[in-house]
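Handing you this structure, nothing more for now.
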Amino acid sequence: MNILEIKNLKTQFHVLDGVAHAVNNVSLSMEKGEVLGVVGESGSGKSVTALSLMGLVRPPGRVVSGEILFDGTDLRTLSEKQMQDVRGNRISMIFQEPMTSLNPLLKIRDQISEMVMRHNSISKKDSYDYCVEMLGKVQIPYPEKRAKEYPHQLSGGMRQRIMIAMALSCNPEILIADEPTTALDVTIQAQVIDLMLNLKEQYDTGILMITHDLGVIAEIAQKVVVMYAGQVVETGTVYEIFDNPKHPYTKALLDSVPKLGKRSKAERKRLREIKGIVPDLFTLGAHCNFYERCPDADEACKRIIPDLIEYENGSSVRCIKFQGRNA
Amino acid sequence: MNKTILKIKNQPNLIIGGIITAVVIFMAIAAPLLAPYHPVDDADLMVSEEPPGSTYLMGTDEQGRDILSRVIYGSRISLSIGIVTQVMNTIIGIILGLSAGYFGKWWDDLVMGLTNIMLSIPSMIFALAIMALIGPGLINVFFALGITNWSYTCRITRSQVLFTRSLDYVKAAKALGYGDIRIMFTQILPNILGPILVIGTLGVASAILLEASLSFLGLGTQPPTPSWGGMLATARNQMFTAPWISIFPGLAIFITVLGLNLFGDGLRDILDPHSVGKIK
Amino acid sequence: MKKLCFILLLLFTGFCFFPGSSMAAKSGGEFNFIAPYGGDLSSLDPHKTNRTQDYIVILNIHRSLYKWSADAGKPVLALADSVKVSQDRLTYTYALKQNVKFHNGRNMTADDIIWSYQRILTPATASPGVRSIRIIKGADDFESGKATAIQGLKKLDDYTLEITLKNPVEPGFSLYPPEIAILPKEEVEKRGDSFGVDPVGCGPFKFVNWVKGSEVVLEKFAGYYEAGKPYLDKVVYKIMPEAASRDIAFKVKELDATTVGSVNYPEYKGTPAIAKNMIEVAELWTRVVCFNVDYGPFKNKKVRQALNYAINTKLINKKLLKGKAVDPVGYLPPSSPAFGTDSKGYEYNPERAKQLLKEAGYPDGFTFECLGTDNGTWGVKAIEALIPMLKKVGVKVVPVRMEGAAMSARAKSGDFQALIWSLDSGPDPLSALSRWESVNERVSGNYSGYNSAAFDNYLALARVETDDSKKMDLLKKADQTFIEDAPVWFYNYNKAVLAYHPWVHGLQPVAVELMYQDLSSVWVDENSPRK
Amino acid sequence: MSEPLLKVENLKVHFPLDREFLSLKKRYVYAVDDISFSVNEGETLGIVGESGCGKTTAGLSVLNLVKPTGGQLFFRNQDITDISKLPKEEALKLRKEMQIIFQDPYSSLNPRASLKTILDVPMKIHNMGSAKERSEKIEYLLEKVGLRLEHASRYPHEFSGGQRQRIGIARALSLNPSLIIGDEPVSALDVSIQAQIINLLLDLQEEFNLAYIIIAHDLAVVEHVADRIAVMYLGKIVEQADYKDIYTSPLHPYTQALLSAIPIPDPHMKRNRILLKGDVPSPIDPPKGCSFNTRCPKKKDVCEQVEPVLKKAGDGHYVSCHFA
Amino acid sequence: MTLYVVKRLLQFIPTIFCISLMMFVILNVLPGDATTMSGGMKRQLDAKTAENMKKQLGLDKPLHIRYLHYIKGLVKGDLGKSYLRSESVNDLIAQRLKPTIQVSLAALLIAVGFGIPLGFVSALKQGTWMDTLSMVGAVSGVSIPQFWLGLILMYVFSLLLGWLPPQGYGGGSLVNLIMPAFTLGVGYMALIARTTRAAVIEVLSEDYIRTARSKGLSEWIVNRRHVFGNTMILILTTVGLQFGSLVGQTVIIEKLFSWPGIGSLLVDSIFQRDIPVTQGCVLVIIGVFLIVNLVIDLMYVIIDPRIQYK
């Protein structure tokens, strides 16, 4: 049973330079309690997809078309009021920048309790107690004390834990994590990822993990969606993606990352690079978005916009050269 | 380039303000061509205080001078007051702010101390004291207002310099062997002109108003110089007996200052959308 | 007897104003007046201020030995019932009123007058009134510390005072001004400096309070020596330097009376309801542009005359000042006893002016700077009006607006070419003209630096002349000489105008300064919003 | 082996904090606290560490962009601890020798200068040839870093992040330096661009025999480019070794934790993580004894008392731990 | 905190000292002195009396001696004695300070009361006609010469409508306060509205606002709880800095409305060359500015937990 299914989502930004096709016909699905990794470089549309899903795209951005089926309901048909009931309650989100994502003027417990009280009929006092409990769950030392502190008194790692505590405080069905560890140091990142996985088990929350870091994806995700220039180019299980990538972009991406401990004197010279740059989202042509950079591209790629081909349940790839499972 | 035009198109403030400013500047430049009479010499007491009519479109003042001509010539005076004083303020502010922010240490302390002192003296009062010292007159107004209002520019320049100085390209310039002066004027200054320009534009507006206030106290430009502030101040006693004498210069000030303010606001929105916090 | 006469007179005047009115109807009510000159008052200690603004109020708190009578056009006795003058006109013996009380309840005696005059003369007081007291014999010795008392001041008994003068001059002119007020010694000493903000006098009104920068409130002094007066219960002086604000305040009936500037003059004149309630008076102030006779072109008499011919003075007075001025003849105004009825001033004659300039060696004219203040009547505004007129004869005038204090400093130092000012030209014609004596420095008011032996001579003769009409003749001749020499451009004599609401009665045409209204005889009828 | 190109001895950089009112004690941020290292010609030294460990400050102070508080710097045996004290000519010559590439491609280029200006002015300052020669050099540099000549008149905002980083590299190269400090040169770039820049750096090193100091938080990147790696923690070097030794035989518990924390892009590799407790302490009040003792899984009493010294643990392998 | 306040108060000393020196020099070299004639003077003092007066006032002593004397008094909190008025400057200012503070605070209230909502509306409706209208309206306020506005208001509300008294203090009653305060506050209002608008727009783009929205909070709550406070932090400084110039502007307003404040006292005393009074007024106005800004800084502590003064 898919708890979330996005179909043909299109989100555009109407700015002075023209129209940016930030999310261009994205479809993906996610099962209850699963960790879905969305990987892509900057500008691939992964964050905008998440914001579209939350109904938090602000002008000049606009969700143009598509369906966002959450537990069978199309979120796009809900009123703003109904959407507010979903946000934070059934779907919650944590962001990349823990340093700026909390209101500097409010105490931690107030920031958490305002959300708990918004979605549950609970007294302020109880919500404070609950807040302390949640802080304990995200392994914040001295939760009673911390709850009364302000964000600036906490380190980045702490704040991200608080964001997680907050996001989980209403027992959401889906937690969207938009690059939750990118701004953190490696050792702290390890702590946070560890924490998220633990909590996922505990709460049975599905996680939509958005990141550019293939390492993080490999560690946490069960299923992976690879995005490029506003489109999904490949989906599959984490093993499929990493062991046997189908799309040339996925392949190139995996090859271009320096891998720890894999280096020898000879290998030092050659990291595999992807030539060129990410295409301009304002001027996408009627062709495969990756063709300019693709090592395998030919004339045909220049003429056709490839479809996302599903070759197995839940696995698909967007490439006209793809010939089937073992090609 | 195209993008800039698009940006401007989206700023009604900037367009309205820009048009008004342009018209006033045009008026100032082309005053001798536009004005039907000489603003000072063509006075005739026989026709004093004529209401607006076909001969005198805006009427005449108590000396029998054509108000339209005086308003047109007045744009020269009032604009030059605004611009000259603001250029002076800006130059002082930039030099002090730039050097203070860049060199820091005791010089910074000194400049900031001075700036804070200047900031705490209301400009009206400082200008008043200076004008009392040197007496009324156009050049004196330039001077008095030109040395009173630099503290804002200085402060903002300094804070911008502090911010810009920490940027990597300034470090790179240093590593590349750029000298201090070169860094200040080629690496830092061009990148902080935006907010300074905005302050300057708004400053032009406030200088025009300040001159009007000084004129009210009898310390503005020297009659018969047709400055709008001076005209308005002189005519204030006739506001109800011969309203046209005060209305037209008053409107000229209002429209020009409004235009400059809108222009400045629009400029800020384009150049420096997040500038509020930087004033600190 | 006297008292009876007085009451009769009072009743008579009362009937004239408002037939059927009684004393009771007259008394009571509040009167909102103005203090229009410059900013706030400085001090209500008459001996320590020289500002008209302060005198307007001081006048009604304090009393001097004499007071100005608008009817008589000269000073009359105030604190004395009568005076005996000696043959040589040097000794005056005053029979002081016995019912004059200070606001603290004490009777005023000759000692108070002596003490007050000594205080004025004491250098530490730095009083502007010293000049007035210097007419008394022995004043110089006292001033320089050589004597401990003024020789010419003698108390015969508590209510009899003898004053001996240096010269046979009319002492009333010197002793009437508000700054020569008689003060109660004990109150002055008790209060020290703060006497200026909490004055005690013997005038018709008691000081109540002074909201600095806004208003001064006085209330009726029940013990005032003129029976039945004052009528008003309360007087409020609003400190209002802005003419436009005054105009509105008057129109909304917040003021009972206001001074009218030239700007509003035609309007007020043209409004019948107001026009019939206006007092106009040719004040004893002459407005002139002083030419600095030490400055190049102005050394030549012809140039100065030429400028007088070149300016259409009447047009300026008519249009710029809207007729709120009296066209000039000489220095002395028409209300002065020495006004030369047969003397003629300068007429507008640009041809003559050109001719004279040519003769003087300035056929192409010249340029000069003229200083002036911001004043609406006798400030740079008037100089501006000269620009086109003088341009016609080739002379360029550059107005230089200055603040009063700065200009005054330059006037005194002689560092100017010309300046416009309003000069005090009365009430005593001799002292008015003596300003221009060559012995006087610029510091003492001879701004032009006028220096004429003939003029000096007339004045010297007039000073010792005991026959009044001969004296006046001499002064007329002096004025004529002054016109001829034209060290100034004769601009106008001030026409002061006071407008009041119909419920106000008893304001007087005071020629020395229209704002010097003695409010003791002013009353308001029941139409007043404040009664 | 000949003398190293750059020798850093006991470098200290302490930033004073604003003094508190009425308090006599001045407090400092101990950003870099007594580190020593050296770089040979043509060699790459990698410096890794987490944010706030002082690695960037160390790099900047080598270039005299931050004044060292203590210690000495030698470049080709010349004392360069304070370049500003040297004669102007001399100082300029030294500036030429060492250049820097920054992390953020957006703030490292003057937005108001065209590419040509960015490259031309430094050469002009150093009197490198006539206008024509310089413009030829610009052409050559652009080609080297993979940009085209027609780009020369453009302004930084017209380039993508990767291209900007190339401009930064061209700018550093323009003076023919022998040492380039790369301060997180690829961490702000997308994965696909990262590889391009790493390859470019490696190519240039080979061609011009450049020495690099690559400062980064990403151990994988550093390991890929460096010959030797120094690991920094709280202003100190805790371990220094050949790139291979760091990975295969890390001795310091911090290095071990760091290595284990790095996510590997391989779903089959589920490792045993060494999870460190808590956060990095503030460099204003570094812990007594071993600076890592607050988080160290192997902590003993001695660690709280005695500060370990950097000791030799193998061929070119140094570590500062009581138990390594 | 107390320590911080003490520290700040101590920092006032050099500022006040510098300003007093600066103003002392400027004022004492002004042409003319207290003995020369100025507006409304009846007659010229004769030379001897003028000299006398100068001696009484100590004006015959050299400048630095006078300054030393002045500073000695200042240290004791004594601003000296007026040259022309029979009062000490302390007393004079004490009487006039209250009206000025009253009118300034009322103006501030009007400015803030209208300016902040206007700025909010404008920012929340950014780009709409309401935005343009509020901003043009706000900017208009700052574009009218104050004395002109004052006279127009006087004309309309006193003469035509008869609602408000045209002038005077009226014992500080509200009806007397309205017009001067409005005239003074309207320009300031524009500034606050503009600053607020920019601040709100800035705050709206912050990450924590997105977080707040992601929690399911309604727009109203987001604005009230998250936007408002953070906006205040951005505009407080402007409010404080501008309050100084507001007090400076009372010079005009007080003259116009016969308001018995320190501004009109200052103008009068400049024109009368009553230097101790001028000096005193300037120092007090600056003192007010410094204290207001100290209060603003302390308000930061209340609003912004990140700021702690020790």
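For this structure, a couple of remarks:
The letters A, B, C, D and E name the chains in turn, as written, and every chain counts its residues from 1.
One rule holds in what follows: a contact is a pair of C-beta atoms (placed from the backbone, for glycine too) under 8 Å apart; a residue touches a chain by one contact, two chains touch by 3 or more.
Worth saying up front: this structure is predicted, and the values here are computed from it rather than measured.
Touching subunit D and subunit E at once are the following chains: A, B. Contacts with subunit B and subunit C are shared by E.
Hopping across touching chains, the smallest step count from subunit C to subunit D is 2. Spacing of subunit A relative to subunit D, judged by their CA centroids, is 32 angstrom.
Centre-to-centre, using mean CA coordinates, subunit B is 48 Å away from subunit D. One simple way to say how far apart two chains are is to compare their mean CA positions; for subunit A and subunit C this gives 90 Å.
The distance from the centre of subunit B to the centre of subunit E, each centre being the mean of the chain's C-alpha atoms, comes to 21 Å.
Looking at subunit B, residues 132, 135, 236, 239-240 sit in touch with two or more other chains. Residue numbers of subunit C whose C-beta contacts span two or more other chains: 244, 373, 403, 406. Of all residues in subunit B, only 12-13, 113-114, 116-117, 119-125, 128-130, 132-133, 135, 205, 209, 212-213, 216-217, 229, 232-233, 236, 239-240, 246, 250, 253-255, 257-258, 261-262, 265, 268, 273-277, 279-280 touch subunit E in the complex they form.
For subunit E in complex with subunit A, the residues that touch the partner chain are 206-208, 210-218, 221, 225-226, 229-230, 233, 303-306. Residues 167-169, 171-179, 182, 186-187, 190-191 of subunit B touch subunit D in their complex.
Residues of subunit D that touch subunit A in their complex: 50-51, 160, 162-163, 190-196, 198-199, 202, 217-221, 223-225, 243, 247-248, 257-270, 273, 275-276, 278-280.
Only residues 54, 56, 81, 84-89, 92-93, 95, 97, 100-107, 114-115, 118-119, 150, 152, 163, 166 of subunit A touch subunit E when the two sit together in their complex.
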